[in-house]
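One chain, chain A, links the two complexes that follow: it is found with chain B in the first and with chain C in the second.
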Partner chain A sequence: MNLLTGEGFWSPLVWLALAVAVTALTWWFRSKGRQDYKKGTEQATPFLSGEPMPEGVHVGGQHLYWGFVEALRPFVERIRAFHTGVVVDYVTWLVVMLAVVFLVVMLS
Partner chain B sequence: MNVLHVIWQSAVVVLGSGLLGLVYKGIDRKLAARMQGRIGPPLRQPFLDVGKLMVKENVVPRDAVPWLFHAAPILAVVASVTVLLYLPLGPFPPVLSGRGDLILILYLLAMPAVAMALGGFASGSPFASVGAQREIVMMMSYEFPLAVVVVGVVWRLATLGFSPAFSMVTVGSTPLWGLVGPLGVLGLALLFLCLLVVTPAELSKIPFDIPEAETEIAGGLLVEYSGVNLALFYLADAVKTVAMGALVVALFFPYGIASPLGLSGGWAALVDQLFFFVKVFAVVFVAVTTVRVAMARLKVDQVARGFWIPVTAAALAGLALLVLDKVVMG
Partner chain C sequence: MSWTVHVPILTIAVPLLGAFALPLMAKVHRRLRDLWLVGVGAFTVAMIVTLAVQVFTGGVQVYTLGAEAADATLGPEGFPIRIMLVVDAMSAFMALIAALLGGAALVYALGFVEEGKGKTLSMSLFLLLWAGMLGLKLTGDMFNFFVFFEITTVAACGLIGFRAWESRSPEAAFKTLVMYILGGLLVLLAVGVLYGQYGALNMAFLSSQIQGGALDRIALGLLLGGLLMKAGAVPMHMWAPDAYGEADANTAIVLVANTQAALYGLFRMVFTMYGGASTPAVGWLVTALGALTILVAVLMAVIQTDLGRLIAYGAVSQIGFMLLAAGVGLATLATRPEFGRVALQGGVFHMFNDAACIGLLLLCAGAVRRAAGTGDLRSLGGLAHTEVWTSGFFLLGALALAGIPPLNGFASKLMIYQSSFRLSPILTALAVLASILLLAVFVRAFQGAFLGPRRNLEGGQPISPAMLAGMAVLAVVVIAFGLVPDLVVRHMVAPAADALWTGRDVYLAAVLGG
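== the complex of A and B ==
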């Protein structure tokens, strides 16, 4: 039942069984709390510091990695330059990297 | 593995970790208040907070994805609690000893943060979305140095002949400090410092509380949560604090005091168990309480840069010193 990884191991079924048990306990705890609220009122409007929120407006996914990109801009710009959009370039990179991995494996 | 033993031990860990986490929260808040010249809330305040949240309305925002919005806090609690079942808690081996290793612990430790980000995105709120995005960026930043710290310790254990090296029984019963040379001690100290820096980030505490940032984005990914759902996130945070403290103790300070005191049997177990609670609290006090009192919140790009460059460099230097130690000491 254990999956072995040389120096490591884990048993997904045991984790799953206990996760189900803890979920049941959490669900029971949750059921003891109040469940209701005033549906369809101002209460259910997303909080935006009192500013009016237009219907259907969301924060775009294009900002997801903003902090990461801003922090490591020189690295990101360099990596971005490799992304030419030309399939031949991507395949070339794949072949080169596979060759490098192959060499490393052979030499070790 | 005796199923009945696993069941009652798991029940003790589940209930005990919740209580212990809330007690630590109470002490943390009291000490932080004292350091700031305030009286602070009573020690039982976290229990009162949970009790009050249970009787508050459980609001679901208009634009939310309800099933994911409700599932996220449950997932956070389940991940936080189950990680404790793989960690040695005091003189006792992990409840699921032999059923999961350190790699699994790293993944489970990441799950509450993933659950919070999912809940934030599912809230359908701009503040919550910004908070969730920050949580993901922060995870991308601190996971690598955390992995380097774990790999450093485990690799040195493996080179010393301990196997299986990723087992928490091996890690939690083998203090490395006395087994390595001076270079190794220096490397371990560097890795320990890195883990102390990662700890408040893993727990989203100041100066790494950018996903919540109450004064800036009004609670961020938790802004739309209320009532029992918020209580569950609160409990998950309390339990994860214990788990993180227990991980630091297991990796770097798996010592007991019963043997030096000449104790044996039940008294030895009791004393070592109490000493374990003190060690976990010491880790929380140093890495969370004092830091959050002394520092202001960082910006998300400062966190990303800080973890990817100086902290990762320090962790890799620690790992390199352990490698050198292996070359010198054998």
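== the complex of A and C ==
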């Protein structure tokens, strides 16, 4: 039942068995923690950097990994500049790539 | 003669006939049209499965049109002149992908495409696109390859531009049409060059003649240009997010299959037709384009705010993984074949896996649009409260696409990582990094669309059971292929990859004899 991957093998069933074991272990550790959590009290309200949060606020997807996205932005903006949405540019890229393909195919 | 001999032609003819007869059925009664649609879909899927079983158990199947016998491939002068379908394990494997996505799209469309918004014509174009894709994958001659290429172009662009009343669909359809037509012209030019050189259009015959001369290389360059564009390789990919993002969900997943059909064409040309004449440089070119496609598409996905376009860039990135695997296979064909074979198997396996998880995500995006009335991640939120099944399917598809074990995407990506490492560790590092980025992108999308408090979004409509059934079909594949990858690889993927890797002689012998 093992998939040979060139350098080794992959067995999803073994992985699943390990995942179940790790989950059980984690649950056991968690069960040993504090028992004074009460649903519906202040303990259950979201915590966002200590700021007071009004009812029903959702941290939307665009805010998730904010720093990570900002760090990537300089690279992404350069790539986005090529995506003009103009069909003439699309054709230009096709011609450029055709030239590259021909260079490789004819010179190799 | 057993009827099963005719299965290859029935696989194409049934959806083709179904497409043209559908408007006539609709004239009689809507219910008759829907029955016809379901019947054609079920029969086509049954034919594809039968064909795949025949090929995987009995070897290459040849069907010669107009001949006294289906396997009479050579004319009176010992020359393969007739139109021919040649189905080896790779063709059958690709047909199974078309069956999966076409079947899921059809079930989904029954509950998704609304009456009064061109349902009959939309479904006619869908069947035409399905027939075109299947023809592209089963044909054994170059001219019909071009003909089916054009059929898919016409049908795909018609479907992309279908929602002319509510979005930017016509613009996306126009851009796609321009690119597809140019790609088709490049393929036609290549067909002309090869015909002028050898006076033949049969792929097996051409393969036996091609020696790698200047004209052969010109034809290869033209084919690579046209097929890489239609496959969505960066920087010729820009039509793809426009098309996937603007098309209906049931259309978008068939477009994924159509893109993979172009990739199949690329594999068929470089491995089967030019198998003895292509150089490692072509492999390196495909590898470089694969790496570039992965990187650019994932980075572009990071900044998308529309769910459809985000998934579209995810789909383009997966094409990069397949190109990377094929490139590694080509580059190591002569020097390190043991790793090249694993790379190609990984790439072929990833085609099926990508079809299932990207298809699932695109259907989920359609369901989100239906339930919330928008696909804008800045407006969405809290859908998991009401759309529990769609939330689960989306999460499943996203995790599989990012390559999280034990889902199907992990197994094929692992094969690609380990084999590409032998060519260059940088390639593996890039591919792993892209998968991590992809996971982050889809976690953001899930958080944005499904988590958080309930929102009252205007314009939402309920998700129909048929839509959920379409998604469930793909979800089952995502889980099942992840749990038993060894069985899938042994019985389906390895024969398909080997048909390209070492099966060239078998392919030629099936057509030319000897």
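Quick notes on this structure:
We take it that the second predicted complex is superposed on the first by the 55 of 108 C-alpha atoms of A that agree within 3 Å, B and C clash if a C-alpha of one lies under 4 Å from a C-alpha of the other, contacts with A are read in each partner's own complex, and residues count from 1 in each chain.
Just so we're on the same page, a residue touches a chain if its C-beta (ideal position, glycine included) is under 8 Å from a C-beta of that chain, and two chains touch if they have at least 3 such contacts.
Here the structure is a predicted model, which is why all the values come from computation and not from measurement.
Residue contacts after overlaying the shared chain place A:43 against chain B, while chain C stays out of touching range. In the superposition on chain A, contact of A:76 is made with chain C only, not with chain B.
In the superposition on chain A, contact is made by A:2 with both chain B and chain C.
When the shared chain is aligned, chain C comes close enough to touch A:91, but chain B does not.
When both complexes are overlaid on chain A, the residue A:101 reaches chain C alone and has no touch with chain B. Looking at the shared chain after the overlay, A:15 reaches both chain B and chain C.
When the shared chain is aligned, chain B comes close enough to touch A:34, but chain C does not. Across the two superposed structures, the residue set of chain A contacted by chain B and also by chain C is 2, 5, 7-8, 10, 15, 19, 56-59, 64-65, 68, 72. Every residue of chain A that touches chain B in the complex is listed here, in rising order: 2, 5, 7-11, 14-15, 18-19, 21-23, 25-27, 29-30, 32-38, 43-49, 53, 56-59, 63-68, 70-72. Of all residues in chain B, those touching chain A in their complex are 1, 6, 10, 14, 53-63, 73-74, 77-78, 81-82, 85, 96, 98-104, 123-130, 133-134, 136-138, 140-141, 154, 158, 163-167, 218, 223-224, 226-229, 231-232, 299-305, 308. For chain C in complex with chain A, the touching residues are 174-175, 178-179, 182-183, 186, 214, 217-218, 220-221, 224-225, 228-229, 233, 235-236, 238-239, 242, 279-282, 284-285, 296, 299-300, 302-303, 305, 338-339, 342-343, 346, 377-378, 380-382, 405-406, 410-411, 414-415, 418-419, 421-422, 440, 443-449, 451-453, 455, 482-486, 489. The touching residues of chain A, when paired with chain C in their complex, are 1-8, 10, 12-13, 15-16, 19, 56-62, 64-65, 68-69, 72-73, 75-76, 79-80, 82-83, 85, 87, 89-91, 93-94, 96-98, 100-102, 104-108.
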